[in-house]
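Shared between the two complexes below is subunit A, which pairs with subunit B and subunit C, respectively.
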Partner chain A sequence: MVTQVTSFGRSGLSDWLLQRFTAVILLAYFVFIVGFMICNPAMSFDTWKGLFDTTWMAAFTSLTLFAVVAHAWIGLWSVSTDYMTTRTMGDKATVIRMTFQATYSLILFYYLVWGFKILWS
Partner chain B sequence: MAYRLRDKSGRGHNEKSKAVKDNRPVNLDIGTIKLPITAYASILHRISGIAIFVGMAVLLCLLDSSLESAESFNTVKTTLADNFLLKLIVWLVLCGFIYHTCAGVKHLIMDLGIGETLEGGKKGATIVFAVSPVLMLLAGIWIW
Partner chain C sequence: MLKVSVYRYNPETDKEPYMKDYQVDTQGKDLMVLDVLELLKETDPSLAIRRSCREGVCGSDGMNINGKNGLACVTPLSEAAPNGAPLVIRPLPGLPVVRDLVIDMTLFYKQYEKIKPYLINDTPAPAIERLQSPEERAHLDGLYECILCACCSTACPSFWWNPDRFIGPSGLLQAYRFLIDSRDTATEERLADLDDPFSVFRCHGIQACVAVCPKGLNPTKAIGHIRNMLLSRAA
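On to the complex of A and B.
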């Protein structure tokens, strides 16, 4: 049995709901970007840059970045607590799982900062 | 679960169970069990989720260079048009995205209470396995 302390929202139900909300945001963004590229086959820098320079697109992209962080955190947490357990790995399981969780948290944080830097600077 | 969990030493997973007569056969070797289609749909959803988490780095890299300047935008554009390796990587990330999204949408539909039966689950998985290769093919055509 793995305890809940490293989950994203401290409760299974809130994680479950958040993973669904963020999935819808990610889906909307994915469909929008692909749609935009299909509608602009010979994309120019000005069109592309112009899109990301609008406030709403920068906001939409930022929201999506937050959504990725929450969604992937919850998702990878599920994966780690399913496989990195005392049953599968013995006594070292907790250390391995914590290391894994710290690693993906740092990577997600890096993605967030990187994305914000691209968008807002 | 019909079988009891045991670790490699053969001890029962739950120490208390030692008191119980413990000589029933255990089969946790998943490679020897024939899995239903829904199991494949589920594990692929997991694998594709992890794949996009890694692929995000590539996508952010591309976004970064495409927005930096007109020159770097054009470099991205021509590299995406000429470089087989980059095309392959982008296509693989897109494939992960396509599968994860199809299976994810199926998940959300089931969470709304639609098709939450064994039959519905099998049908949903079959639809996902039918639709995603088509979308992957279209993505491939788009990239090449």
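On to the complex of A and C.
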């Protein structure tokens, strides 16, 4: 039986809100980056680096990184509790699901650290 | 002659379910699917189905008709299998089959039970009855008509995967029916019971439920209302 211990915010409402909120951040970031590329057709490495050297861009990108992690966690948590259950896989489901969740939480954490290292060093 | 293919499964004698083909003489009439099954039962009485009112009121003959959940008694052949196309009948998906087209609805009813489908009111009972204004009564339209046929919940992927934890469209429609009733005073407790990651929030708004409801009800809309109530409660 699936429990909710591994959900992000423990309440359905907070997970749901966070999922929407992070989606808006991701969309805003995507639109901005695409817009920036369109406005700078002859982009050089310096323009690109100049953009990311500003504090606000580093902050915006960090926020987006957090949003990716939260969004991916909630999304994949939903997927894993839909399909990796005793109903679909039998008794081994819990072990498979926990392994899956542990693995992708490590991956997400690694991406977060990696992103921060690039941004702030 | 109409070709009818029916899902058959008797756990006592069959190793696994199979589809059995029949030829039914409809005499060219636009019969209801239930009438076709009754004709078929005359030649093969071993077929198990559930039915009662034969007019879309009792909700007992929900089944999967040419891929779409519906009540056999109010689904005409011209709609289910137009132009003499073959009819394919299966039990409602997602719940265990008891035999042939009869499914075990225990989980479905458990979810219904969870939402406490009765009025709760702790204030002293008035001498005659609790009155409702016509406007307050109007809030129940589009909700109270549900006949618990389970066509919606068994069409909902979220209910297929978590029928023990996601209330499902039918139960949530009923949950909202009691949340919005002016005579009910348990709104807070009801909402508190629904605010976990499964009960309501497994709904992803695909509206498969809306597409099949034989009563033309809209569970997705009711679920949206519940979500808004949870939001204003938390805000």
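We adopt the following convention: the second predicted complex is superposed on the first by the 120 of 121 C-alpha atoms of A that agree within 3 Å, B and C clash if a C-alpha of one lies under 4 Å from a C-alpha of the other, contacts with A are read in each partner's own complex, and residues count from 1 in each chain.
We adopt the following convention: a residue touches a chain if its C-beta (ideal position, glycine included) is under 8 Å from a C-beta of that chain, and two chains touch if they have at least 3 such contacts.
All of these numbers come straight from a predicted model, not from anything done at the bench.
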When the two structures are overlaid on chain A, which partner does A:Arg20 contact: first (subunit B), second (subunit C), both, or neither? first
Just checking: does A:Tyr111 make contact with subunit B only, subunit C only, both, or neither of them? Give me first, second, both or neither. first
Of subunit B and subunit C, the partner touching more residues of subunit A is B
Touch test for A:Ser7: subunit B only (first), subunit C only (second), both, or neither? second
Would you check which partner chain A:Val68 touches, where first means subunit B only, second means subunit C only, and both and neither mean what they say? first
Mind working out whether A:Arg87 is in touch with subunit B, subunit C, both or neither, as first, second, both or neither? both
Once the two structures are fitted together, what part of subunit A is touched by subunit B and by subunit C alike? 87
Subunit C-touching residues of subunit A, taken from the complex the two chains share: 1-2, 4, 7, 10-17, 78, 81-83, 85, 87-88
Where on subunit B is subunit A touching in the complex? 5, 7, 13, 46, 49-50, 53, 56-57, 60, 63-64, 66-67, 69-70, 73-74, 77, 97, 101, 104-105, 107-108, 111, 142
List the residues on subunit C that touch subunit A in their complex, please. 158, 161-165, 194-202, 227, 230-231, 234
Write out the stretch or stretches of subunit A touching subunit B in their complex. 20, 23-24, 27, 30, 38, 43, 45, 48-49, 52, 68, 72, 75-76, 79, 87, 90, 104, 107, 111, 114-115, 118
